[in-house]
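Next up: some structures, all given as structure tokens.
Next, two complexes with chain A in common: one pairs it with chain B, the other with chain C.
What follows is the complex of A and B.
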């Protein structure tokens, strides 16, 4: 097992001891959301500004079924993954026809479209008030209304998601997506149907977003309208960039920083987004690879200093 | 029999006819060069052959099969691989991965695409390594492509094409932008590939062409103006005019 996995496992154990369970849970949910985005952003080089479309759609559909029919938790999660993937297939199909700025604007515009459907369809979604009353049905005698039990459940699903994403990025698909990011013309010329591969990345990312959406709905017992809004889409991009989009683990660090700031610091200081803005500027100007790169540079700097000291002695 | 042929192939961009009624036959196992001054339409011809865009009219036949209008990624699967005039590699990927990507695309099966570990495809990795060895980059396999020299990137460009195990290799000015030393190396490289592959080579430097080619076609303003052995081409008055005098009033 690698050091990164040990660090993640340690974080899973330590986190609920240091922050409120709800915040700890939210961190892993947001990390799953970030993993899905990063397959697009970090690996394929596609900046999707519409990830909350899939997150929110899954949260609404599975949340509605949980509320009305108290369906099994795993069924709800499976439905969330499918809704996330299908909505991503629809949106992705339209978006991959274009590239660059047009691509970004399409993801954004379609996100807005879904947002206004949710906004208008008040009988189901509750519009601006959100969709409250979503329960956490017990599973095999475990009562998920207990915050710690739900935390363990979410953390386990996060680890499973991370493992699945690791397999995907280490598969030929992972390499092909990176090749598309590096040079889509050459990727096409050597024999890859670039739009289809981009669409596949969208669908997989959508599945992860959907899973995160359902877990989010169950965590707070409500699907707020913001869950399908563009600010939410922006947040996950933000968090992933701060963490480091070049690495599999970047979005996890990003999620930690983002949720911790927004849930803990916001209580003390309501202007907390200012900190986030500063962090973002620093990342963009000095550490394009986010926290992951900053960390790597710190270590290589230390190594060099040690080597120099060794020479001096 | 011709492995690759075109019939009155034409491509017009608005008022500009970049390729004009080109009929060409490339025999299997030969090295067929296409020469001509800059802007003669050589690269556009390559773009047509590899499906970068469809021709305005005419046909392309590969191994008896009409491939006119087939998209680029499918043409690659049929075994037409090209190198680019301007270096066109995957900068952040290692040299091995650069070749691996091309080798995998042409692999027998894509089973395990999403789930199998990419280092588990022994045959693909072997072909990628062989391609790097062919161009003399085997010892740099683990370096990222953006960190090697321009000359080496030109070699890598060739390795990516070779890794696809092509039936026809289309080389677009492989020596473009190289120093005299590097150019010698590249010419030797291409000479080494001759006989192993059917090669179509674009070049505008006469001296490179004449030593290695079996056949030479000359393009000028989008049309073929001559075809023959290197010796025949060198004697051809029309070719001399195109090269030396540009447009001569007659």
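What follows is the complex of A and C.
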């Protein structure tokens, strides 16, 4: 077991002791969402700006079934993964043909399409008011209405997701995706069907997003319209980039920072997305490379100051 | 016609600067709100209609100079995050300055009421907007096609290295293109205000449509953007007659259908 895994496990144990259970749970849900995006962004080099399409679709479908038929939790999660993967297959099929700016714009535009469907289909989704009344059915005698029990459940699923994602990126498939990121022309020339592999990455990422979506719906008992909106897609990109998209653990750090940041500014001011926007701009202009780089820079700045003080004396 | 205007501005920005401009919708909304305030300050619709887009263009100038210029080498992910952050700032800024409740804006008194065209009774202001947007698209087109600056801009879309090798200040070109794109977004917003009123969410709604127009028209293909804008506008109007709720979703469905058949967009070559 590596140090990174130990750190993650320690965080899983310590987190519910330090922050509210709901926030702790949200952090891991967002981390699962980030893991899915990172397979695209960090490993395949595809900047998808429409991840909330899969997150929101899964949340709506599974949430609707939970509400109407009170289905089993695992069935709901499985449905969420399938819905996430299928919607990702549909969107991905249209998008993987293109690259660069086109790709980004298409993922965004299709995200908007799903958003407007959810917005107008008020009889099912509740439109702007969201879809409330989603329960957390008990499983094997464990009552998930207890926040700590639900936290443990989500954290366990997160660890499982992380393990699966680790296996994926270290598998031959993961290496092919990285080859596509580095040089897709060469990957094509070596004989890999690049669009198919991109689509596969999309579907896997969509499955993870779907899982996160269902967990999110059960956490808050509601699917808000924002869950399928483009701001949500932007947030997960931000979280992944701020954590460092190059590494498997980057989105986890990013999820911490993002949820903590948004929770703390949202109590300060009602118009907190403004502050969030400012944070985006500051990060992009001054801290490209994410937390890891900012940390390194801070250390080198301290070293230099020490050296200067040494000279002064 | 307004979609064509938005698409043209966005196509110019994406084509020349090669960045995903997620703040384009916010610039559109800012244009509408600038018009609203300018009318209150100067008390004249026509003067406000001139001033508001210029204000947006200046804002665009500042944004490009201070924010986007350091990011050309940074990759699309950071450019996206920056323009996305910017659209949050502008969108929320509108709420802070003008409040979360929308406004309605009356057209100037000569353009109120309708005009009997013989076969149909049509609001005068909408006719004015159509003519105005048409003239703007035409003049932008002539500017790009017939003037020296326009030629440089088109050359910038084709091959940036070559343009800068020929001794043209490429950064100034980028700034100018962004400001022009912002101007077009701003005037589209200003013209829309008396038709649809003002609301903080108007920018986001328009942003998706602008992206569709650009994706259909082909990236950096300015004529394609104009044509795609017209097609989308007509498609939406027709659907709105029969199934009002779906009229926005249909835009995206049309795009998806066309891209299935022609992945490069209607007029795209790349």
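Worth a mention:
Everything below uses one rule, namely that the second predicted complex is superposed on the first by the 267 of 313 C-alpha atoms of A that agree within 3 Å, B and C clash if a C-alpha of one lies under 4 Å from a C-alpha of the other, contacts with A are read in each partner's own complex, and residues count from 1 in each chain.
We adopt the following convention: a contact is a pair of C-beta atoms (placed from the backbone, for glycine too) under 8 Å apart; a residue touches a chain by one contact, two chains touch by 3 or more.
A quick note: this is a predicted structure, and the numbers were derived from the prediction, not measured.
Set against each other, chain B and chain C differ in how many residues of chain A they touch, and the higher count belongs to C.
By the document's definition of touching, of the two partners only chain B reaches A:192; chain C does not. Residue contacts after overlaying the shared chain place A:183 against chain B, while chain C stays out of touching range.
With both structures placed on the common chain, the touch criterion links A:174 to chain B but leaves chain C unconnected. Contacts of A:303 after superposition: neither chain B nor chain C is touched. Counting contacts by the rule stated earlier, no residue of chain A appears in both its interface with chain B and its interface with chain C. Looking at the complex, you find that chain B touches chain A at residues 50, 52, 71-74, 76-77, 81-82, 84, 88-93, 97, 100-102, 104-106, 110, 112-118, 121, 160, 164.
Within the complex formed with chain A, the chain C residues making contact are 14, 18-20, 22, 67, 70-71, 74, 76-78, 80-82, 84-89, 91-93, 95-96, 204, 208, 211-212, 214-215, 219, 245-246, 248-249, 252-253, 255-256, 259-260, 263. Of all the residues in chain A, the ones that touch chain B in their complex are 167-168, 170-176, 178-179, 182-183, 185-194, 200, 204. Residues 41, 47, 49, 94, 97-98, 100-102, 104-106, 108-110, 112-113, 116-117, 120, 230-231, 234, 237-238, 241, 245, 271, 273-274, 276-281, 283-285, 288 of chain A are the ones that touch chain C when the two sit in their complex.
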